[in-house]
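Per-chain residue numbering starts at 1, and chain names A, B, C, D, E, F, G and H are given in the order in which the chains are listed.
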Amino acid sequence: MSSRYEIRFSGSGGQGMILAGIIMAEAAAIYGDKNAVQSQSYGPESRGGASKAEVIISSQPIDYPKATAIDCMLAMTQEACTKYHKDIKEGGILLVDSDEVKEFPQGKFRLLKFPIINTAREELGKTIVANIISLGMIAELTGVVTHEAIEKAVLSRVPPAFLELNKKALQIGFEKAKTLK
Amino acid sequence: MAEKKKKLLQGNEACVEGALYAGCRFYAGYPITPSTEIAEGMSVRLPKLGGKFIQMEDEIASMAAIIGASLAGLKTLTATSGPGFSLKQEAIGYACLAEIPCVVINVMRGGPSTGYPTGPSQADIMQAKWGTHGDHPAISVTPAYVQEILTETVRAFNLAEKYRTPVVVLYDEIVGHMREPITMPAPGEIEVVDRAKVTCKPEEYFPYDDKYEVAPLAPFGTGYRFHVTGLNHKQDGFPTNDPKIIRENNERIMRKIENHKEDIWKNEETFLDDAEVAVFTIGSTARSARYAVNEARKAGIKAGLLRPLTIWPFPDRAVAELAKKVKAIIVPELNLGQMVLEVERCSRGATKVEGIHRVDGEPITPAQILEVIRKYK
Amino acid sequence: MAEAAAKKLPNIVINERLCKGCSICVDFCPTNVLEIRGSVVAVKDLAACTRCQLCDLRCPDFAIQVFD
Amino acid sequence: MSAPAAPEKKEKISVPFDYNKYLRPNKLPHIWCPGCGHGIVLKAMLRAIDKSGFSKDQICVVSGIGCSSRTPGYVDFNTLHTLHGRALSFATGIKLAKPELKVIVVTGDGDALAIGGNHFIHTCRRNIDLTVLVFTNAIYGMTGGQYSPTTPMGSQATTSRYGSIEKPFDACEMAKASGASFVARGTAYHTLELEKTIHEAIMHKGTSVVDIIDACPTYFGRMNKYKSATHMMEVLEKDGTVSVKQVDKLPPEKVQGKFLRGVLHKDERPEYCEQYASLIMEKAKAK
Amino acid sequence: MAEKKKKLLQGNEACVEGALYAGCRFYAGYPITPSTEIAEGMSVRLPKLGGKFIQMEDEIASMAAIIGASLAGLKTLTATSGPGFSLKQEAIGYACLAEIPCVVINVMRGGPSTGYPTGPSQADIMQAKWGTHGDHPAISVTPAYVQEILTETVRAFNLAEKYRTPVVVLYDEIVGHMREPITMPAPGEIEVVDRAKVTCKPEEYFPYDDKYEVAPLAPFGTGYRFHVTGLNHKQDGFPTNDPKIIRENNERIMRKIENHKEDIWKNEETFLDDAEVAVFTIGSTARSARYAVNEARKAGIKAGLLRPLTIWPFPDRAVAELAKKVKAIIVPELNLGQMVLEVERCSRGATKVEGIHRVDGEPITPAQILEVIRKYK
Amino acid sequence: MSAPAAPEKKEKISVPFDYNKYLRPNKLPHIWCPGCGHGIVLKAMLRAIDKSGFSKDQICVVSGIGCSSRTPGYVDFNTLHTLHGRALSFATGIKLAKPELKVIVVTGDGDALAIGGNHFIHTCRRNIDLTVLVFTNAIYGMTGGQYSPTTPMGSQATTSRYGSIEKPFDACEMAKASGASFVARGTAYHTLELEKTIHEAIMHKGTSVVDIIDACPTYFGRMNKYKSATHMMEVLEKDGTVSVKQVDKLPPEKVQGKFLRGVLHKDERPEYCEQYASLIMEKAKAK
Amino acid sequence: MSSRYEIRFSGSGGQGMILAGIIMAEAAAIYGDKNAVQSQSYGPESRGGASKAEVIISSQPIDYPKATAIDCMLAMTQEACTKYHKDIKEGGILLVDSDEVKEFPQGKFRLLKFPIINTAREELGKTIVANIISLGMIAELTGVVTHEAIEKAVLSRVPPAFLELNKKALQIGFEKAKTLK
Amino acid sequence: MAEAAAKKLPNIVINERLCKGCSICVDFCPTNVLEIRGSVVAVKDLAACTRCQLCDLRCPDFAIQVFD
């Protein structure tokens, strides 16, 4: 199973967790040379509630599309953190927004705390790019995709008017992550 | 190669690509989770290609509209999920008897009833065969990978045209909503079967001409004026009470599928040559199974996988043969026991058949399957 | 000429295979030209026919037509 | 892709009329009972179609299930006998797929307004170019005489032996409220007027609904003590209706409780297939 | 005895008598051949007994209305035939999951689609089990004689109340339209199961109380205010996404039938003790079969008949046991192969299984069956 | 068997209002999105029910499927969450079986007018005593923003990316044409007026329909460039409607294109269950 | 099979053939001491066309409800006669309305011709009772039910106002049949 | 008495668990009493409150009520 790298993005509906998952998968499989599968869970019918997206990255074909042992998980809300942290594997990473998550789950994983949403607000004036910052952080922290790939993936998914903003957000993510390493 | 762009697509998006590739130019539907992305995709894409999209007032009307549009000569699609699939049943039966090609996607969600709309299931498998009243032919294809949703949707259209019958594409919410990189096929790369052309003179045309096993269907408005009905009918399409003709026609629509099972069947076999225990399953569950079988092999267990991409007509021969070779056939499915009944029937007591059933909105994991495989090592 | 035409009797064509004897044409004929005989319609008084066409118009069965 | 070209007009109403031109050989006698109004309506429809000038290949006749819905089997067009209540949905598929066809839907009051009521109102709302002829005999004929959504209150039917307590629908009111751009009523009795009305409906672009009052002597007639088909036509069709053209000239007591005949509503709002072509397909291609 | 009047009744009329005897006080339906006489009978009889009859706008509304009326505390009925049965499927699934007792009659006519409305068939047997999406329990009873239509309709109501589930009464047009003299049962002569009374305090009431396999259902408006949904739900009736609860509840509604098959099954066995060849069939076909078996015995052939009056849950044990004893099981049915599949499955290769299928609107004759019996003598 | 006894009237509109009296414990927060109008309508409904004086046991709330149809789960009555589009049919069964219950149907514009359109018009036609509250947000909220039968022409939805070309239904027109004896419209914005209207609807005997314009900021709002829920309420509910009481006083240009609010139609024709009891059951027993 | 007595009534819809079948079955099973089963065939959905009703009478329980070898058949129209005569057994009876049926089928059965409808018209002024006349004739011809039983059965099925008329019709049937014997 | 009442401040009860921060109450409050703080509503200027009840009436979430 070591050829699988499993990432889970979690938060609440509207925080762009699914988009983050998609971008990560594209970074790996379209702009990188790996295979990737992205999946997600939904609230009632198709909206609302806690939301999660998972990405499996591998150099092999990927059969089972859901997380089995998570290498890296992002939690943007307390609810998501509590609900979804259980599958993080020994030695994995749990990255939480430190303003949102106050009760930390126990486990043999590395717990990294960072005020992601607040950084987006303070440094870029837009909380909407918090998910992009976190993508930068995860790319940096895990090395599972290259900076180049994740940047291409991000830029291909955002409207032209927001290219610069997102580039910056990503950059901030790369840098802030270094401080956590 | 430069042209063949890889794209990360959702299963339901791949379905749209497959339909358009196959030449589908008409979509009628009514939204329902977890199939709605297909409607949304078709609503954007079809008009660019000169095709038509219409959101009908319900699923019954949608099914009726695609049958009508097919009679007008287009390749037609509708997509739905459990509750909508139930509602479409009457009209699906109409398409079977009147022999109107069309494709129905059912993205299976947790059930019964409203159930668990965002959860996956594989609990409409038997319904895909038996959902409408009366004896009727059934073809259902069952992709498990995003790329395969594209190719199987194309195959569904091909089978629909070839056999003049509705074809159901069945996959679960997991496969419908996950994203994988896929390679878009170039034009001509995948076979596309178009509707048989009618060449005879109008006065010689019979829509159910008994010269053919499957007579060609002339589109309305092309000079072949004929009659179509859901009543039992003669080769000229008009209703009849003649027992002989009723029987012959009812049997023929079954036979046209039965006689061509070889053409319609499609099985993927993994490690079956020397397998001592086999897994039989479809869709997302087959993905888990393949994972589990790989793990089993690593652990030295001779496990194999029979994955049907056509579940109806049921791959009876493949199962019967397999049953004679293995100690057990394991049937994992996201339901409380459907395919397993057919596997039991076809294996005629020749092997142990064991189902793994799960209906809690979660996938069957590789570990669950592996555990059962180990019992038979 | 007008006189000659007036004298010419109309041609009431009845299709007995199709007539179901419903009597609609009989009832609505303003001049009592028709009657039911057995189970189908028949002409009783051709001379009275005014060619008004009501029998044809209201016959549900394509069973009666009136020609000049 | 364009709508059917408006064919040349013919003027003279031609009776005797050569129905055989449009009838399928050897399909008569039809299955309708002696005196059933459906045959009279069918004849008016054929004369109206003839007048419209459309070729037989251009015309598609679609029905649901019911006595009335057996019509397509007799007429030599592209014909489709569908499911109970769903004729309009099949027809919508045909029309949208091939707007150059002139699609006429023949349906019963049960077919159109009971099980098919939803498709009826949505068809009208979309204003798709279908001509909808509702054969309103106030009963389910085919299944043997149960009350329908147009059965008058107090009437007998096999499922209302104590008299119906349900207020009947007025198909024209429903069509108008839901958006049909041509709404009219005729009767089998007023057969030349009906021919004209159907012709006008066919020539109209958009959803055109003609509610046609006719008689089921076998069930509605017998159970409600009508002496004959003729009697029903006189009471229900002749005396039970008033032409819109006369209604203003009549004292209220001569109008009350009667159905209006003639064209009751007409507007020229855009037709669905044309809108689809101009607003959706054009925009989509431009994107 | 003077009281017990013999009457000549049509099958459908006997159905009305059975329903009223069972205490049915609500009927909603939409006419369809060949079931319409049931609606007609109920429309005349119910109001005399203080019950309600309503002709709805379609079969879907009819099914929904009887579920609603059942929740209001009445025993409820609808009757239909193939096309209508297809339309009811979604709401039948609702009644299964929400566990609302009610009875659905399907008088089977020639199909598929509009088919042959006045001809008989037995082609909705599989649909009665698999017609609605998702996993759901199914009970279907299958009378063959006019008297039996009365008694089996009563039994259907009893099973519906006992197991809080919809029950389908399946019979073919022949049985529905034929007339036989029947004896009207006196009050109390046949068991009538009434709805379990709720006795607990309102605040302790759970509509799906997991203390019970089948919790009692309080009628609306009696002080027990609770919630009913077609979503997967908890014991209090409210929706849940909790996989454990979803699973448990989905499995429980199947189990409540599965665990009580002995109580639900009802088989009539004729000459099976020493039979060498057996016939397995229902409805009018069973009448032909009994005739044929009698003739066979006269001719010295050891033939027997297994006639299930409960087709769902399928009498698997009886068939499995029979398969071990006889040379062949012959399955005559007015369809192209439905029960025969289940017989094949349950006999696990232990005997030869041969179907006799007929779909031309005519009955399977005794002679047809006798001919096949002779093959195995 | 008799209809619910008319309860005593309470006079004062009481805000602050103790909603907890009618809410089920621990079911809040509800699933609706921030700013969704459904919650505002729910509150008006509870106040209206309170005013009606019916006990919680006498009231039955039935819904279909949709965001709006989640309402029954929150309120402490006899509650039934049914199938998409079929709420009225379930409700008809309940009401006819037990006329002493006051049955209120909560339904979305999709639920009531798309898939459920036929049950809607037939309910109105029968005039059975149901109060039907249509939460009209011009979109299918639950499935993520497809256009509905009330979506204005030209609007964006996930299935009308090039703008909708379908003329929307006017639920009130449909209700009236099909025979409902009480027809009204309200909005979430005019919440006290809505409370009054719903109360009047509940007290009416016969089918009472209230079309309630409210907002789906998540889908309709976002896709059609509304800045916020408030913005939607102002544009669609406040500016987009005119009270029937004012309409005569306003110049035509202030009325055109706007929805009328208030009671639009009311008559006292006999209610279905009462007719059933008096005309059918009595006659049947006499026979 | 000899314990079965099979009768087929055939004509067109509206001639009361099904009612005749019902009355015959009631005569046998309600007012007589036999078993009886009556069945019929319908036109499209439920109306119109040629119509037939069959009655099986036996002292044993009756399983198979359809005719296998007809002992006696009535044909009131040519269409019905042509369509339905085939199952008449050797030595059976075919009774036809002699004004309606002009082409007689061949077979080893007794062909009896009688102007039934016309007799109803001439002697009773009502063609509607032709079916009752034929019931009388068949009772008399076959002896499968007693005069008493058939009379009771007829009278229990007709409205009070028509008791006399029907009684007379039956009587006429008995008598006319004697002339054919 | 009137004066005393006028001086008594209203009691604005906010249920933060239920408030979804949609801002409807804030936007419609005629006297700008309320504001969004973080993701929920809060009272900014209690004294300005006129007890008009609009906030309660238009709050979709049962999250705000104003008592005397």
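Observations, loosely collected:
Just so it is clear, a residue touches a chain if its C-beta (ideal position, glycine included) is under 8 Å from a C-beta of that chain, and two chains touch if they have at least 3 such contacts.
Owing to the predicted nature of the structure, the values given are computational and were not obtained by experimental measurement.
Shared contact partners of chain D and chain F, listed by label: B, E.
Of the two chain pairs shown, E-F and F-H, the one joined by more C-beta contacts is E-F. The chain with its C-alpha centre at the largest distance from the centre of chain E is H.
Between the Cα centres of chain D and chain G there is a gap of 42 Å.
Annotation: 28 Å between the Cα-based centres of chain C and chain D. If you average the CA atoms of chain B and of chain G, the two centres end up 54 Å from each other. Computed from the mean C-alpha positions, the centre of chain B lies at a distance of 60 Å from the centre of chain C. Counting partners per residue, chain B has 33, 36, 44, 47, 53, 57-58, 60, 83, 90, 94, 113-114, 117, 229-231, 239, 241 as the residues that reach two or more other chains.
Residue positions of chain D touching 2 or more other chains, listed in rising order: 33, 65, 83, 114-115, 117-118, 122, 142-144, 149, 162, 276, 280, 283-284, 287. Annotation for chain A: residues 43-46 touch two or more other chains. Chain D meets chain C in the complex at residues 15-17, 19, 23, 28-30, 32-40, 42-43, 188-189, 191-192, 217, 228-230, 233. By the touch rule above, chain B contacts chain A in their complex via residues 6-8, 33-34, 36, 117-118, 174, 177-181, 284, 287-288, 290-291, 294, 363, 365-367.
Residues 1, 24, 27, 56-58, 60, 62, 65, 72-73, 76-83, 86, 88-98, 100-101, 118-119, 122, 276, 280-281, 283-285, 287 of chain D are the ones touching chain B in the complex. Listed in rising order, the residues of chain D touching chain F in the complex are 114-118, 121-122, 125-127, 149, 162-163, 165-170, 173-174, 176-179, 269, 272, 275-276, 279-280, 283-284, 287.
On the chain B side of its complex with chain D, the touching residues are 25-26, 28, 44, 46-48, 50, 52-54, 56-58, 60-62, 64-74, 76, 90-91, 94, 219-223, 225-231, 238-239.
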